[in-house]
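This is the structure, below, for whatever I ask next.
Chains: A, B, C, D and E, in written order; residue numbering restarts at 1 for each.
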Amino acid sequence: MTEKKVGIADTTFARYDMGGAAIDELRKNASLKIERYTVPGMKDLPVASKKLIEDKGCDIVMAFAMPGPEVIDKQCAHEASLGIIAAQLLTSRHIIEVFVHEDEVEHDKELALLADRRAREHAQNVLKLLFKPQELEREAGMGKREGFEDAGPLR
Amino acid sequence: MTEKKVGIADTTFARYDMGGAAIDELRKNASLKIERYTVPGMKDLPVASKKLIEDKGCDIVMAFAMPGPEVIDKQCAHEASLGIIAAQLLTSRHIIEVFVHEDEVEHDKELALLADRRAREHAQNVLKLLFKPQELEREAGMGKREGFEDAGPLR
Amino acid sequence: MTEKKVGIADTTFARYDMGGAAIDELRKNASLKIERYTVPGMKDLPVASKKLIEDKGCDIVMAFAMPGPEVIDKQCAHEASLGIIAAQLLTSRHIIEVFVHEDEVEHDKELALLADRRAREHAQNVLKLLFKPQELEREAGMGKREGFEDAGPLR
Amino acid sequence: MTEKKVGIADTTFARYDMGGAAIDELRKNASLKIERYTVPGMKDLPVASKKLIEDKGCDIVMAFAMPGPEVIDKQCAHEASLGIIAAQLLTSRHIIEVFVHEDEVEHDKELALLADRRAREHAQNVLKLLFKPQELEREAGMGKREGFEDAGPLR
Amino acid sequence: MTEKKVGIADTTFARYDMGGAAIDELRKNASLKIERYTVPGMKDLPVASKKLIEDKGCDIVMAFAMPGPEVIDKQCAHEASLGIIAAQLLTSRHIIEVFVHEDEVEHDKELALLADRRAREHAQNVLKLLFKPQELEREAGMGKREGFEDAGPLR
């Protein structure tokens, strides 16, 4: 079996190096090829992700962004998300969106911790999608959350 | 006639195992092949559904999610829905969206009941689409609801 | 000339049989083949319409739905509409959207009348698109409304 | 050089014959073939425009509509606009959207004047796109407005 | 290596010649071919950008617009943005969106300065994407902003 290749698409706009955190987490846990592609802003992520798949042969991509707190930032995030979904449908490959909104927490320090943790937990999701899909199936409906405590299943 | 194959796409984010409920309902009522694919979140459902159709040969897919109560959750559900519609248009196959919003009812227990019932009633819809389309035609305009009491036709 | 074929895509969610009304109106006024396809909800209409065109050879489709009054219903209608437009662009065929929102009028009886009238007036539009496009051209900019009184041209 | 062909897609819903105004303006200023296609409402414009390009060989299309003042009208206009952009991307041809919202001015008479003027000024834009692109380039960033006074460049 | 070609798509609606500023910045810093295409409004930018890539062979495009302060302007910007993302996915090329909203600052003079600076800083991004991708990678997660002071990384 040839080694799997993971694409990392991230931005210079984000205020935390989530791509770096994910790469660290991936490398610690698996033997993988990694291809990184940094673009200016989140609306550049859909085509960057598609290029990672088409031109660089990535099996799966992680797309990282940190939308600001303003209405216009939310709109940009919405547009980027729709583009990322479209890119997945055009390539039939997963592009795991890892967005951390600046207003999810109050202080910069918490935001950095959240971004780091979400990036790493989604890196774990990527590993499951690639190598252990049956683990995801066992967690179906279990109220998993990335970056925060799990909500857990309804009781 | 070869046996029909139903795809079940669901998430680890949801807090109830709707996919499991639907599989139980399908198996009780028909002889079918079932292929399950669990992904982290609802925005991963469009491409998962497309892969179930293209790679696994599913004739129809059910896509399950449980969006949270926040504005951002509603936006994610909207994006996922648009992606699911696009995936249907690209494959010319039905992907029955089964979303239960956390704020549709007040208590966790009700939410679990709603999720279970909606999953099962949509499983019945899938069986009608596959085997008894004339039953759906007889119910056209009858105010059917999945998970809640039917609204019924206008009088 | 081979007989034209009209597709009727409708839902079990709607509370009035608009598809039936349109079929009655079409049959009264023209010799046509009609193919009906009933699905559970309005988000199933885009692919149902595409299948009526691609698999059943329909020259034009009418897509009927009755969105409820809640915010989530409006969002579903928006998603369905975008899907119906996309289905038209992918097939280069008209899919005439006939949506009646539950909150357009106050009472059930009015709603039934509105639904019936809108379905029939759009059936007339379908006949014009198929057989008398010059009539539509004569009505360009005339403030036509389906289901309600015409607004008429500006004066 | 073969004569250029302009498509005119308009609606019976609009309350002013903007298509007619544009045709008058085009004919006064150039020798062109014109193909007109009138549909019921604005959501029928994307596929009508695509058909004008694909089936009738139009080099460019103008798409006219007059959305009403209600929230639902704004949503329909949004859906139609997205469809018109998609139709352009699928054909690689311009479809110049000429929408006049009923609530842009207060009185019917002003609305008719605005509609007439916007239709004619966009017809001039079409002529520039077809025959004098360098004129548009000279006006880049000049704060041009169609139907109202130009905003002009920032000072 | 053949010389790279940058497309400049801009509008007559904008109130500042951002395309001109970007061209100046590009020429000062690199040897490039430049192709300019001015259209009336921002919703004409997606297909213009696609034509610059497909018909003119541009390797990358910059798309400039200056949306007004009204709700309808925001909606147009949203539609244009979605179209620009779609055009990128269809061509697998970057189209760098450079939008300056009229209400980002208070006075015309500031707006002109912002527009000029954002155009130039995004021209620098284009040069990095074309010639120095490793510089962007070094700036990943560094809180870069175009036109305003950088936010910088979280601490």
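Rule of thumb we're sticking to: contacts are C-beta pairs under 8 Å (C-beta built on N, C-alpha and C of every residue); 3 or more make two chains touch, one makes a residue touch a chain.
Small disclaimer: the values here were computed from a predicted structure and weren't measured.
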Kindly list the shared contact partners of chain C and chain D, in label order. none
Where the centres are mean C-alpha positions, what is the separation of chain A from chain B, in Å? 25
Geometric centre distance via CA averages, chain D-chain A, whole Å: 41
Listed in rising order, chain C residues that touch 2 or more other chains are 82, 86
What graph shape do the protein chains here make by touch: line, ring, star, complete or other? ring
Complex interface listing, chain A residues touching chain E: 10-20, 36-40, 43-44, 46-48, 50-51, 54-55, 66, 72, 75-76, 79-80, 82-83, 86-87, 90, 108-109, 111-112, 115
Complex contact set, residues of chain D against chain E: 74, 78, 81-82, 84-86, 88-89, 92-97, 101, 122, 125, 129, 133, 136-137, 139-146, 151-155
